[in-house]
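For clarity, chains are labelled A, B, C and D in written order, and residue numbers in each chain start from 1.
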Amino acid sequence: MALSSQKSRLRDINNTGFGPNSSVEGGRLINSDGSTNLRKRGIPLWERTSIYHTLLKMERSYFFLSIFVFYTIINISFAIVYFMTGVEHLVGAETAKTFFEQFSEAFFFSSQTLTTVGYGRVAPTGMLTNCIASLESLLGILVFAVVTGLIYGRFSRPRAYLLFSNNLLIAPYKQGKALMLRIATYKNNHLTDVEANVTLALHVNEGDKKVTRFYPLNLEISKVNSLALSWTLVHDINEESPLYGYTKEQIADSKMEVIVNIKGFDDHFSNMVQQRTSYTYKQVEYGARFLPMFERATDGEYTLLELDKINAHEPYVFEEDAVVA
Amino acid sequence: MALSSQKSRLRDINNTGFGPNSSVEGGRLINSDGSTNLRKRGIPLWERTSIYHTLLKMERSYFFLSIFVFYTIINISFAIVYFMTGVEHLVGAETAKTFFEQFSEAFFFSSQTLTTVGYGRVAPTGMLTNCIASLESLLGILVFAVVTGLIYGRFSRPRAYLLFSNNLLIAPYKQGKALMLRIATYKNNHLTDVEANVTLALHVNEGDKKVTRFYPLNLEISKVNSLALSWTLVHDINEESPLYGYTKEQIADSKMEVIVNIKGFDDHFSNMVQQRTSYTYKQVEYGARFLPMFERATDGEYTLLELDKINAHEPYVFEEDAVVA
Amino acid sequence: MALSSQKSRLRDINNTGFGPNSSVEGGRLINSDGSTNLRKRGIPLWERTSIYHTLLKMERSYFFLSIFVFYTIINISFAIVYFMTGVEHLVGAETAKTFFEQFSEAFFFSSQTLTTVGYGRVAPTGMLTNCIASLESLLGILVFAVVTGLIYGRFSRPRAYLLFSNNLLIAPYKQGKALMLRIATYKNNHLTDVEANVTLALHVNEGDKKVTRFYPLNLEISKVNSLALSWTLVHDINEESPLYGYTKEQIADSKMEVIVNIKGFDDHFSNMVQQRTSYTYKQVEYGARFLPMFERATDGEYTLLELDKINAHEPYVFEEDAVVA
Amino acid sequence: MALSSQKSRLRDINNTGFGPNSSVEGGRLINSDGSTNLRKRGIPLWERTSIYHTLLKMERSYFFLSIFVFYTIINISFAIVYFMTGVEHLVGAETAKTFFEQFSEAFFFSSQTLTTVGYGRVAPTGMLTNCIASLESLLGILVFAVVTGLIYGRFSRPRAYLLFSNNLLIAPYKQGKALMLRIATYKNNHLTDVEANVTLALHVNEGDKKVTRFYPLNLEISKVNSLALSWTLVHDINEESPLYGYTKEQIADSKMEVIVNIKGFDDHFSNMVQQRTSYTYKQVEYGARFLPMFERATDGEYTLLELDKINAHEPYVFEEDAVVA
């Protein structure tokens, strides 16, 4: 395959944090949500998992479901303990006769203690029950301290809130072609000093080995002062580009992966934020160009950014391909 | 119009994050409060809004009003539920006979549960009512966790607390003129390593198209070690300046916009802070100079910064304009 | 005075954020605690004060006293309201007959509501009293949310925890002299990538005006990778130095001020921290050198940093001064 | 000893924050957990200890034990106060006759007040007891505010979660040797823009003094864009290296210490993180090379990082050593 030798005059880079040895790495390097396509093993799950990271990134519905389940489990556990130490030590619960009634009283007393609501209709007496209740209320405060922290951590976590176009376009640019993708902030956030970093991973054959080579893709503009509207990242496929001279078929064959990393400073979080994504060769749209995604409001007083048009593009036939057809 | 060609030898910049195409952008680019003059659409409101950002930046009175309204709504909702499951399951509320009395008892029981105050004069009995109360107290803790986080987030949010002068002055400087504006920190905060970045947006005609060109405005001093007193930002309108040779009338005609971005490190927040504003041609005061805004205290022991004088300036007649008059 | 002309070949700097015009600035620029010797006026106190900054930096004892006073005031206010709406609406407080007893019951009921402890011995009945209690419990949660945030903000506020020597020494160095000061971290913290920035402010006469000139003081080492032991900042008073050739008397006459700013990255806070101080000419110790402040532990296994020796120095007579004497 | 002169052409550095004077420093400089091998004295313990730092870094089990002990102590203290002001002022506790019963009631009333659970079975009456209870509930809120903050601070504290190999290997590299160590992130975290900084501390004899010289060790790659897999840090021992020409015995003799500092930006914390470690000459494995620690998953769809293989290496006999043997 001629591709690798053709590239030889270009300097590849080896500081991506990924190895060059394709035979030991599997599949794409970065998933499209920006996470690494990697699993770890060799140390126990709880040691290799950051519970904080996990709870921070968990889907909102699962997060609240987890809290609810956890709350129920703690209450059931304490209900069992109160039941075993004797429901007669719960003043106000004496009328409960059946197992179910007694267990219910114990369960609800537990929940009133854990949340520190403590109505007092049912209240503990006796050394042991009082001790347990005292511990449970302490536990309640600690547990809800964690939960408070987590909830705050979740919604205050600095994020870039970036929308990426679904496809990489090979679009007309100057006299030739350029690789383009488009990003936009989709919330009422505002990034400043935004930098884009695009790396190409090419899986090529060298001799009889299959290796991965990484090339930085130069952008026409790689840093903007302010990301307010959309930003089209443009990599000119000129003689400097590792993609120079690739045909539509060669791109499909190359199993290439394009890793995009955007970072900037967010005003409201007053913090650096970062978002990453990756495109595989399957997402490359050869011969296409983006349509504008913002327009002047009808009254001319402001600009309107249409987020649903982030992927909007039209086909474009390159001269050379037209000749072929 | 000669302006655009006159500028041709100056390098304009295209990394502002705004497009050059005036015909699709409407009105000023940045509002004077630093937000972008932009609206987004195309994805649902809740997806394109960061509730955290919104609640963080909301006016204080609206914020607390929102909490109050939200609190009332939750209590009314739970009151309805308790009423429907039967007020007879609320021990202590049996004396309530009329609908209004019963609903009130349900409402106040709800509020006592939500805030976990739980006096116990009214307390739940029975499986269903107990379950609801147990859930409500959990909800209360979670809701107030969010509120706690928000309140903390609001008052601990790093901000630059900068006052900008209302006007851009075209003031005498060296042999010629300079564009000046003045900033000062107005709280007991202290910024270090403060950088100013000023960009000029000019809407000019190129051929039959109206385009926006961006030019960085060089400052005499663009970085100070410490922002303690006021700081007058000075852009010398010399031959290097995109504003060189502009007359009073041309400035008014140019529809120019000057975007100012200040960033620095705040001691107390131990964080980078940033503040932005924008001036339109209407805010340019041609022929004026700032009056001092700080003075030595009468006892000579400290310096006095007079924040109400941030805009204080006196008119100044340039020689060339005087000749004309 | 020859000093100013003598300095003329040295480049002074004007990006310190302080003005050159001594006649309008009073006293020293920076206080020894690092704050600016500056007062602000012209806008109302509450607008020019960041309550957050103030409460964050307040002395611990005052802070907790403020909370206590605030707590008492709120309770008294609500006690008045409950008393006026009728103590008869507080079930359990009917036995209170005298004004004092009734007011006490109202006061303690208020405190039980505000803290959401809600024993229920005294509990609200009736629409109005219930409404007030419901509002008070909400207020309690919000107020303590602020307090929680503040307490957390106070003890988690990134700080450099640096100890500065009390004096600037003019010490022997190489063949000549150097200005030296010493810093050390005094808590179990560890700074990395620590930078020191030292600026000299000289109040000199230029013609008939008294002006302030600022000179950066070059340090032999201005950045260390890690600040673990003490660090002696050394400014060699060679021909490049604005202090070159100053005699003991001239230094005392110069009314000089040396502003020191240290910043670094703190491991535990995972944040940039910064600390500033300033020395006036009164704190300059001419002819002295620091004594070591760390030593090898007797068992040779660790190093011992003696923080009480931060100021330890011994006198040193310079040859030229000895000749004079 | 020839070593020091041999090194003379290499520039050593003195900005490590450690002094060159071995005779006053004891033992290794950095412990393997990254802390400095240093103790401080001369100011009181509470002034030289950051309680926040201590509680943040305390072992989890000790932390929760401390909370429990603290909780018990506060309750016992208040129980004593309530007991001394008279248990008869605790309504509901009148049935308690013995000292033990009365003290228990006081203790549990205290815990119910501190946690604001306030069942109300036991409730305060009388001015004094009410005052104490009112203060205790305020204290409870403040104390648990601190605890909430600490717990949140503990689990949200930005950390690098890096695993370091136990040994430094002197491994074959190019035609010669290299010093190698290996790192990997062991949790589900992801670092970007990761920089490694390696410093060699050599204790050498200069004349009759024993001094410590510091040399930066150049790495083949000292910065990676992304730390996803493992990263082997490689210092080529070529002519530029301070370790050039060292034999196995000389390394053992040198009492060398290698300080490694890694910093990067963590996505989830959105913060800079940093981790440090240090190797002594005892941890140097002469003649060995790392075995791969990641592999392609059997289905080829992802990469598998085996954390238990971080230390996996095989012996390697250098030609020169083989000749000797």
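The definition used in the following text is that contacts are C-beta pairs under 8 Å (C-beta built on N, C-alpha and C of every residue); 3 or more make two chains touch, one makes a residue touch a chain.
All figures in this text were calculated on a predicted structure; none of them were measured in a lab.
For subunit B, the chain with the farthest CA centroid is D. For the self-contact between subunit B and subunit C, the two sides draw on mostly distinct residue numbers; the shared fraction is below half. Set side by side, the interfaces A-C and A-B show unequal numbers of C-beta pairs in contact, with more at A-B.
When the contact pairs of C-D are matched by residue number against A-C, B-D or A-D, over half are shared only with A-D.
The centroid of the Cα atoms in subunit A and the matching centroid in subunit C are 39 Å apart.
Centre-to-centre separation of subunit A and subunit B, using mean CA positions: 28 Å. For subunit D, the set of residues touching two or more other chains reads 112, 116-120, 148, 152, 271. Of all residues in subunit B, only 116, 118-120 touch subunit D in the complex they form.
Within the complex formed with subunit C, the residues of subunit D that make contact are 14-19, 23-27, 29, 34-43, 47-54, 56-57, 91, 112-113, 116-120, 123-125, 127, 130, 133-134, 137-138, 140-142, 145-146, 148-149, 152-153, 157-159, 197, 199, 261, 269, 271-274, 276.
Partner subunit D is touched in their complex by these residues of subunit C: 64, 67-68, 71, 75, 104, 108, 111-112, 115-121, 144, 147-148, 151-152, 155-156, 161, 186-190, 192, 194, 221, 223-229, 231, 265, 267-268, 270-271, 292, 294-297, 299-309.
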